[in-house]
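Input: structures, listed below.
Paired with subunit B in one complex and with subunit C in the other, subunit A is shared by the two complexes that follow.
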Partner chain A sequence: MAGNRGARRLVTLLLVLAALVWLVPIVWMLSLALQPNELLARTTSNVAWGLVPWPFTLDNLTFVLSQGLTPRWFLNSAIVAVSMTLLVLALSAMAGYAFARIRFPGRRIIYPLVLAGLVIPEQAVFIPLYTMFADWGWHNGYAALVAPRLAVPIGVFLMTQFFRGIPDYIEEAATLDGAGRWTIFTRIMLPLSVPAMVTLAILTFLYAWNDYLWPLVSASRPEMFTITLGLASLQANFADSEGLGRVMASGVLASLPVVLMFLLFQRHVVRGIAMGSGK
Partner chain B sequence: MAIPSTPRPQPAQAGPAQAGPAQAGPVPAGAPPAPARAGASVKVRDAIAGYLFIAPFVLVYALFLVTPFLRGIWISLHDWNLLAVAINPDAARFVGARNYVRMLWGEGIVWSADHQVALRLVGLVAVAAVLWAWHRGAVGRGTALAALAAGLLLFGLLLGLHPDEAGRWGDRRFWPIVGNTLTFVGLTVPSVTLVGLALALGLNRDDRISAVLRTAFFLSQVLSVTVVTLIWQLTFSPRQGILGHLFRSLGLEPITWVTDINLAMPAIVIATVWWSLGFAMILFLAGLQEIPNEHYEAARIDGAGLWAVIRHITLPALSRTTTLVVVLQIILHFQVFGQSHLITRGGPNDATQVLVRYIYQTGFRNSELGYASALAIVLFLFMLVFAMLQLRVSRGDD
Partner chain C sequence: MRPIRLVTALLALVLAASPALAQSTQISLGRFFGACDTPGVSVDDAVGEACIIQSIIDAFDAADNGFRVETLPTDWGNFYDQIKAMYAAGNPPTVHVLHSSHIPEFASLGALTDLSDLLAGAGIDVDDWTPRALEAVTHEGRVYGVPMDAHANLWHVNLDLMAAAGLVADDGTPILPTSAEELLEHAQMVKDATGADYLAADFAQFPIGVRLVMALVWQQGGELFEGDRANVASPEATRAVETIVSLFEGGFANPRLDYADSQQSFLDGEVAILVNGTWVVDFYDTQAADPNVPLTDYYVADFPTLFDVPATWASNHMWVIPSPAARDAAKLEGGLALLAHINDHNLAWSRTGHLAVRTSVLESDAYTSLPHRDEYTGTADIARDVQPVVRYEAVQDVLNRELQAIWLTGKPVDRALADANDAVQDLLY
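== the complex of A and B ==
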């Protein structure tokens, strides 16, 4: 038994070391963002290969927060991610409730047809979507960035699965009291589904914040870039652009909301991944 | 949306009056009279309510997924220049399957038994391994037969095709790019799976430190691809990168990762493994949670060592999870774009050019939307095979 415990300690020690190595790239980005640009132009390994931000400065962060397009990109990302999340929740919850609990004719045909959309990847539709939105004059607008993701049926799938798990007697009691479908949905089902909706909301938000290919195709004017796309445009010429420290500061800023969200809602992220992949 | 934001007081349920959402829609005049009574009216009300509840999503789904998908097939049958069609909508010329022929075929294509013989033999050995697994009962009959058919078709027949001396492929870049994409998937998926499994085995405990370590390993997964490429582009830089610093401090010459034709692909694989490991780890942890504790206790009573427990209890119990992780990752990494687009820009000399980047460039740099759409449809078909496989696995048919 003692030998076993020793082995366990060794494994833990190795895992701790591995985790520290694993975090080095993130720590490095953060550290570079906190060092002066002029220093970084000469060397990126001032103290401990650059992992210790010394000399320390907040100039890069204050610069990207106040100058250039980064604040605008940040705002765009926030608008796109929040509206996409709210709309996905509304559409998925309503459709999921109907598919799970209302016996309407044709649902056994429509539901599989909706789920079939899960096999169509973004890459298979982004060219025709581009031509459609170009015809409608939608590009370089928020609607163009939000709309394609609303059609992805994963949210409907998750909510349908969730609503199927709610026992019948809850709804039956409300029906006997004379409540209509909409009342049951808003007053009973939605409050019950908060955990599932939080999971779906976080996954949608992470996706919206990090999406790259579609914004790259749709948003061509720099004022309409999301932060993810803007960061890519900084990288294209990053040696000579605004300076390494400032690019890294933009990267830190772009990561802040998703990292905070993950740290606060870890449980939901983890469960969402397990649910979304058919576990 | 025509749905009232506040629910209205409901009349008695048996009456013909409609509940909230139903009120917004047209009520068919004189609902079906036949078997009548409350049953029929409830049915009609349910039908209307059901359709109204799904209407918003179905509308968006039809408009932004089904329509573009069908339109993509339509575009792929045309010579469709992005700029020409933007100016004159009639500029698209119907060419039938010509885009597909150009992509998949060429002039003077012949089949020979000894073309790419090493790769094909390896493939046939893999097929034989699947048959052996079937013989031992490790995989189901459906999987074995599908693998047999696909393997013989691919390794026995398709990979033996090549142009003769006078011939050439219709698109010289297509097959090498498919090969690059498969190489990327083939390097990334096993690495992520093995490391993810190892971490899950080490971190499947209820103590505080395991929880913190799980968070640490998962953290990179939530970053966007552009942050990941930002970090790794600099990390790989021989002069400024942290790997360069490490090599210099060991007295070695720093490696020029992204400009070396043999190291560019490993470089984006390393960045990808770092980025997407958390996903596999989480799924394996979920799988480990499902193994009943009694199994471990029984093994402990039998005096089994740690390694014996892992080999005879844990790994067999994780086989479905492992298949799921592998299939999901194949689907995910087949769509690789950002790493190749931003770290190596497809280079050097197309060494890291992958399918999605090729589609993007064909469509939006060369303005050949027709050909790009045909490429996208073929990508979809590749991925469909694995999506079907995922469906089978998550249903637990196998």
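== the complex of A and C ==
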């Protein structure tokens, strides 16, 4: 008994140490964000106890926040991330339900084709996708920032697998009660699939918020930048060696919504990952 | 007259009388150089690349010239990805900045407007450009851009450390090596006298190490590549690399420093020489004047000649007009007017530390009186750009990868250069 307790304490201690190691880069980023650029240009070692910023300044954070378009970039990111999340959920859930529960001609061919999207790298379709949106005149608009990311094979796969795990008799009982396909989908299947949808929503939101490459080429006008793109454009000089504090302040601000989201939904994230690994 | 007609007539009168309110042609400008943290600053008061170039653009935008400019800023690392995507979409900006090493790539695709017969009409005097600047914007005999500067590798010197090692002449200038052997002797003298490293550079991140090797190869009369032939595994390249490696092996330089680290070590007074570009001259000068900065006695020197032929790596920032933008006559006119405006402000841009490209500016008192400019006047004569190849960026990446494999992972020099040679040859086809 005592041996088990000791082993558990040792494991806990090791996990705490591992967590601290994971935290060091984040604390380091915060520490540098709170130091003067002039100092950082010649040393990043002027800290108390290794990580505590000294001297301390809020100049870098206020600089980033004071840039005229920073609120607009946050708004753009929020619009893109939220709309992408909602649309991915809708499309993936409907496709997943269809593949899992509806016997339609060609299902055995279409489903593998959809999953084949998992092995096609994004870069392979980047140029045709870009020129297609250019032909439509969509670039520098929200539609071009959101639309290319709506077809998410992993989302369809996740939802299909989840719907397949729901017992058939639930749907059969609803059918006997006179419920149509749409009613069954919206009133029964969707409420039952909340854990999977929360997982998919979080993954999609994080992906959309952190996305850089597609917004980089699609949005060339500063007012349509997302926050990742906008903050990168604030780079002060070549290699940003004279604006390290601002770079770190940008990182802190850009990651805040994501960190907040994780803190709010961490239970679902963990459950979702566990669910995904069990499938 | 009815009130509405009166108002309409008055509006028409005001519009006709005020050119500023008349319809302006909107043009766009794509650039890197970073974000200016003091927007609205005047050209004369602007400091640093971002603010100086933006103030020049803003001055054009504010002028009563019938054109309005929308700036499309991007960070350095992703500029070419974005600009090429805009070309692919058929919607590039009206004008954009370009490195001269990209001219072969863009011009060979027909992406750039041939400016040869348009510059004089726009008031740009090509004869005022230095021969090297004209060469930099020329591809197969045609002019495709307006040069803004030459930026080259310099030796930034901590005179205090050099003096402690007895490497400062009576006239106050640093004594720099004239051979590879002397380089090691000087390095040993600095180490013995001060304990400091002799030389620092970004050997671990950006291709400043590549440019250093290139300079040493050129100084021996060699080339790493020429036309469609790679020549990376040459005796000249081997000797150049071994010269640098000998500094690492002697403990006189640290190959693990990246751009920021190498700069920090120089400003912190930990190294006698920093190899970096023209773009940091004014920043280091300002830092040296700061009592909190250990670097106090700062000097800028031309890249020394260690072999036979003086040479240092250089490139040019230049402005071009994409072919699609030139199809609109009004935008072409606006683009040319903007290029002329930038050309007129060559002195203002040279406050960044870059070398001016107009002879009239280079010879002006205003230019020579800028900090340290008289210390690296020779750079204009020894500066060399890479041989024009279409896929230079990829070639540079290969060279950087293999050179870093040598000094960061201990890959044998011969094998690394042979691997680089094969990879570069594939890129040259």
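FYI, the second predicted complex is superposed on the first by the 191 of 279 C-alpha atoms of A that agree within 3 Å, B and C clash if a C-alpha of one lies under 4 Å from a C-alpha of the other, contacts with A are read in each partner's own complex, and residues count from 1 in each chain.
Operating definition for what follows: contacts are C-beta pairs under 8 Å (C-beta built on N, C-alpha and C of every residue); 3 or more make two chains touch, one makes a residue touch a chain.
Note that the structure is a prediction, hence the values are computed from the model and not measured.
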Contact-wise, after the overlay, does A:I26 reach subunit B, subunit C, both or neither (first, second, both, neither)? first
Please work out whether A:V217 is in contact with subunit B alone, subunit C alone, both, or neither, and reply first, second, both or neither. both
Now for A:T131: first (subunit B), second (subunit C), both, or neither, which partner does it touch? both
Based on the superposed arrangement, let me know which partner A:R42 touches: subunit B (first), subunit C (second), both, or neither? second
For A:A232, is the partner it touches subunit B (first), subunit C (second), both, or none of the two (neither)? both
Does subunit C touch more residues of subunit A than subunit B does, or is it the other way round? B
Between subunit B and subunit C, whom does A:H139 touch in the aligned arrangement: first, second, both, or neither? second
If we overlay the two complexes on their shared chain A, which of subunit B and subunit C does A:T183 touch? Say first, second, both or neither. first
Should A:F56 be classified as contacting the first partner (subunit B), the second (subunit C), both, or neither? neither
Counting only touches as set out at the top, which of subunit B and subunit C does A:Q67 meet: first, second, both, neither? second
Subunit A contact set shared between subunit B and subunit C covers 44, 127, 130-131, 134, 213, 216-217, 232, 235, 238, 244
Which of the residues in subunit C come into contact with subunit A in the complex? 30, 34-35, 37, 39, 48-50, 70-76, 78, 81-82, 85-86, 88-91, 93, 202, 205-206, 259-260, 263-264, 267-268, 277, 279, 283, 287, 290, 292-294
Subunit A residues touching subunit B in their complex are 4, 7, 11-12, 14-16, 18-19, 22-26, 28-29, 32, 44-45, 49-51, 90-92, 94-95, 97-99, 102-105, 107, 110, 114, 117-132, 134, 147-148, 150-153, 156, 175-176, 178-183, 185-187, 206, 209-210, 212-213, 216-217, 228-229, 231-232, 235, 238, 244, 247-248, 251, 254-255, 258-259, 261-263, 266, 269-270, 273-274, 277-279
Subunit A contact footprint on subunit B (complex, rising order): 3-4, 7-8, 10-13, 18-22, 43, 45-51, 53-54, 56-58, 60-61, 63-69, 71-72, 74-75, 85-86, 199, 202-203, 209, 213, 215-220, 222-227, 229-235, 240-242, 245-246, 249, 274, 279, 282-283, 285-287, 306, 321, 324, 328, 331, 335, 337-338, 342, 356, 359-360, 363-364, 369, 372-373, 376-377, 379-380, 383-384, 387-388, 390-391, 393-395
Across the complex, what residues on subunit A touch subunit C? 38, 41-44, 63, 67-68, 127, 130-131, 134, 139, 213, 216-217, 220-222, 232-244
